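Order of writing sets the chain letters: A, B and C. Residues in each chain are counted from 1.
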Amino acid sequence: MRRAAWSSALFQIGGVVTALLLTTVVLIASKAPPFAAFANIILGSVGTWNNFSQVLVSWVPLLLSTAGLLITFAVGMWNIGIEGQITLGGIFTTWALRLLQTSGWNPTLIIALAIAAGVVGGALWAMLAGALKTFGGVNEIFGGLGLNFVAMAINLWLIFGPWKRPGIASMSGTVPFPQALWLPTVNPQSSLSLAAVVIAVVSILVVFALIQGTYFGLRMKAVGRNPRAAHLLGIPTWQYMMASFALCGVFAGLAGAVQVTSVYHRLIPAISSGYGYLGLMVAMLVNYQAAWAAPVALFFAAVNVGSIQLPIVLRLDSSLGGVLQDTLVLFVLLGQGFRRFFQKRTGDEQ
Amino acid sequence: MTTQALLINLGGVLTSAGPIVFAATGETISERAGVINLSMNGMILLTAMGGFAAALATKNLAVGFVAGALIGAAVAAVVAFASITLKQSQVAVGFVLALLCRDLSYFLGSPIMGQTGPRLSIAPLPFLSGIPVVGTLFFRQDLMTYLSFLLIFGAWIFVFHTRPGLVLRGIGERPAAAYVRGANVNLLRYVYTIAGGAIAGLAGPIYSLSVKAGWKGTISGLDGIGWIALAITIFGGWKPLRAAFGAYLFALLQWLGLILQPALPGIPAQVLQVAPFPLMILTLLLVNFGDAEWVARTLARLPEPARRPVARLLRALHVTPPASLGTPFETE
Amino acid sequence: MQVELRDIHKHFGKVHANAGISLDIPAGSIQGILGENGAGKSTLMKILAGALHPDSGAILLDGTSVAIHAPANAIKHGVGMLHQDPLDFPPMKVLDNFILGHEGGLFSERRSAARSLKELAAQFDFLLDPQTYVDSLTVGERQQLEILRLLWLGARVLILDEPTTGISLPQKEKLFATLKKLAAEGKTIIFVSHKLEDVEFLCNRIAVLRQGELVGVAEPPYETHRLVEMMFGREVSAGARTPAAPGETVLSLAAISLSHSRLDLRDVSLEVRTGEVIGLAGMEGSGQSILLGACAGLLHPTAGAIDFRGRNLAGRSHHAFRRSGAAYLPAARLEEGLIPGLTLTDHFILSEGLSGLFIDRRKSIRLAEERIELFDIKGRPESTVESLSGGNQQRLLLALLRSPLSLILLEHPTRGLDIESTMYVWSRLKQRCSQGAAILFISSDLDEILRYSDRLLVFFSGRVSPPLSTEEVTVEQLGRLIGGKGWERFDAEAVHA
């Protein structure tokens, strides 16, 4: 058993090293100084307190979406539709805020209700993808993609249509909400809300507890690994499928709600900001286990934020961060494949 | 709109559909062999950027297109290796590559953003372009669009009328049976995945060297096309002719979205731009709709005059994927 | 073409599937290969057809030793195999199936191939339309197509593996006429089957395999009882059967009809009583799994009623049956019954249906330890199920059964298990019987059927015998029924009943 753990770690480290090497090659190929680039990313993420708080801001929606995805992965589903679910979370939150902002109710209550609305929005949109899969036979990848596009369309329609800014509709989104309806932040300049961080950390703990420690989680895992045997053991498989989508949607909706209430304070076209897809990357990198999700998500968030100032400082496109993240996942994946490949070879010889 | 203007516009639809034809046809071939190449979205961006960069550097259009094909082949080779030899999940590897290629394209392409490069010019065919209607539509196009027409028929002939195409279909449907009949299943899967990638790799350069000339990074409007190409492959039932129909349908929807804007003031322009995307993907709902048990039961309960046309429609739309799609093949 | 197999050995791990088989088949003859499930017939044929490599031994064709390393290679030597489920391409047309694999230029010469197809088909009186899709053909027609294809590719040896399973009587007659014609032309036919009547009718010689060895070769005139004796051996289970004291009816099948994977069971009626053990005997694929699945609610009958403890559950889901006290143990333990990646403790948690939100780890591990000890499973609570041996997986499946149960349905409960595990499994099951459960089980082992069942049903090509009392059936009778002979007396009895 221990040997297996060692060899697994070896291949993972090998994957990481290869990813770093490849990114360096990419940098050299575009005539950019590799060490300066990496140093800049590090500085840009943890160099100043301000930067680090930005990392945490970025960490929250990423961790939330990863948490949700771990649930759908537990039942063996590729919930690519998570981007749309985050968007719908943002839409429902905005709707609730717009509805209640003139009501005179306690602002904390309004914000809480708005976040709850976001959760409902995300869950409903996720259940739609789940229903398409369970009852329509549509592969969850394409159903999710389709719903992502629909969510994008709805979002754009709202921003440029019924909810547009008076005068000229703008790509910068809807009218910003008054400060009273902002999720309180650590200081006026930052978008970091401790409440949001707590929500994210609690979420990943909840998901960890759910999958590892509850009967529900165990049954989900059974459905994900062997639906036929799960059926014979008395587990109602389609119900667990739908439930997993709904739960993922809850966390996705939370992510969208947090984006609206604490980061942007309005609805913008890119409200989901790619956190859904990035969450898929994190989930793949942690091999679909919740244990390392938080630190890996933090790392990815750091790379995200750290690469923002690359264009300014080094005149490099900030998607270098994405390159780093993606090569990491790719080579760790390939590393797993190599390990199994070599294991089989030596196994055959035995 | 005058007839002539309409024809010119429709000719433009054919041009803008060209890259999608290349992408969907390439993917159809790859999936016929049993391998899904989910990296398409990122690959189109990467080949668009790479092809443009190559053409810009060498001031030679042909080099740009060849570069695109080579990049497409390389990405497909990674997918093939990961899924055929390492037996990893095709979906996982393809998805990561989709994001990686996209990020690579933005990163490596930023120095050349906004630059003007060589552009493919229209080459009206000498005698044929003079034919009324048909001439304006089909024969006043650029080289790559002509090539897309040829590709549709070439792929169709290859898959359905040649010996190797027959073996290709066999590998996708039942690799065990193909193996017994002498096909080297895994080698051929490599060949067709990479070939499909090379063909799809021409889609990007057509955008950056013709349809949407230049490289504009994140606002190039290319993000999302790859997913559509994958959906069209399914919608096309893994048949080159039907996939081409899907490509033209999508391009038509995009064009409609554009010209209907003044007619629909209530709907923001951005929405009309995005609308074709979900529409194409939701067509997938129709192609397997008849499979669901509850649909079959409800259909059986409909009165006969209503049931027959609906059943016929569902059957016409129905697609069956190659049976071995996504599953690795192992000899005993 | 003459075929000689010399001292063929093949091991699969510890199993000696082919133990030194030597057989000489003259050209132009129809050689029958007879044996029960697991005797080694398919292994031997796969070796001849190139799908497997022998550990040792030689294959000689027309006196020359050949090395056949792949199936595609076999046909080049003139050896073609027709599988029980023909390896064709259902979504493609007949003509495409015919051509695929035939070497040639870039463009398949469809017209000349279609002509060859028509000519060959006419020779044997087959009616095959090149433009129809193979998935709309019957099994018999798919066989015909495959035979024509192999002949077109130059096969001089044709191996047919259980060819008469799932084809109609007229198709069978046509097949036999075809085979006789081919043999007359000098082709060598190897006919692998468990159906005594077919083999006796068709073959020039019959080789009988049992447990990996060639037990004997028979020549006409054939004596069925000798063949049965060679196939099944002479061990008649001595005693060790404690007859049950059956109680009230727990399951009642009333004239149910089932249709699944090309088999039709019609009008089957059965009453199962508490405490009784009913064995379902027959060669695999004769319909037993279908009936067992129906009793579990996994398959729905097209007609008839299933009464389980007083309620008609026909058409209801498996969960309804489960709630009423039934349990189903599939033969593919790891693929269908257990969940790879989860531990033994996890499985016990799932089967117990414990309530509450959070898993009580201590309680679960204690439960697991109890069960592991009780069932003597060689594994720890934290081991994953795929690390268990077959025998221990079966013990685990038994340990996962809830209490009390009214009906336990087992698909090949002791397949692949050693004697000790087999005896253990049955001692457990007998215990359940004494607690009031009824048991239906499928087995290819006649010994097991005779030893443990109170009553048994025999299946042959979808036909189901009425329940027979084990005390009144001999091994030989059973063997004949399984081979398709002696079914007439049931029709006669039905007339009188």
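Basically, a contact is a pair of C-beta atoms (placed from the backbone, for glycine too) under 8 Å apart; a residue touches a chain by one contact, two chains touch by 3 or more.
Note that the structure is a prediction, hence the values are computed from the model and not measured.
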Interface with the most contact pairs, given as the two chains involved: A-B
From subunit C, the most remote chain by mean C-alpha position: A
Gap in Å, rounded to a whole number, between the CA centres of subunit C and subunit A: 49
Centre-to-centre distance between subunit B and subunit A (centres being mean Cα positions), rounded to whole Å: 28
Inter-chain centre distance, subunit B versus subunit C - centres from mean C-alpha coordinates, in Å: 45
Complex contacts: residues of subunit C adjacent to subunit A: 318-319, 322, 328, 330, 335-342, 346-347, 349-351, 353-359, 400
Sites on subunit B touched by subunit A in the complex: 38, 82, 85-88, 91-93, 95-97, 99-100, 102-104, 106-111, 217, 224, 227, 230-231, 234, 266-271, 274-275, 277-278, 281-282, 284-285, 288-289, 291-292, 294
Subunit C residues touching subunit B - in the complex, by the definition given at the top: 51-52, 70-72, 87-92, 96, 99-101, 104-108
Touching residues (chain side subunit A, partner subunit C) in the complex: 209, 213-216, 218-219, 221-222, 225-226, 228-236
Parts of subunit A lying in touch with subunit B, wherever the complex brings them together: 26, 29-30, 78, 80, 132, 135-139, 141-143, 145-147, 149-150, 152-153, 156-157, 159-161, 164, 169, 269, 277, 280-281, 284, 311, 316-317, 319-323, 325-327, 329-330, 333-334, 336-338, 340-341
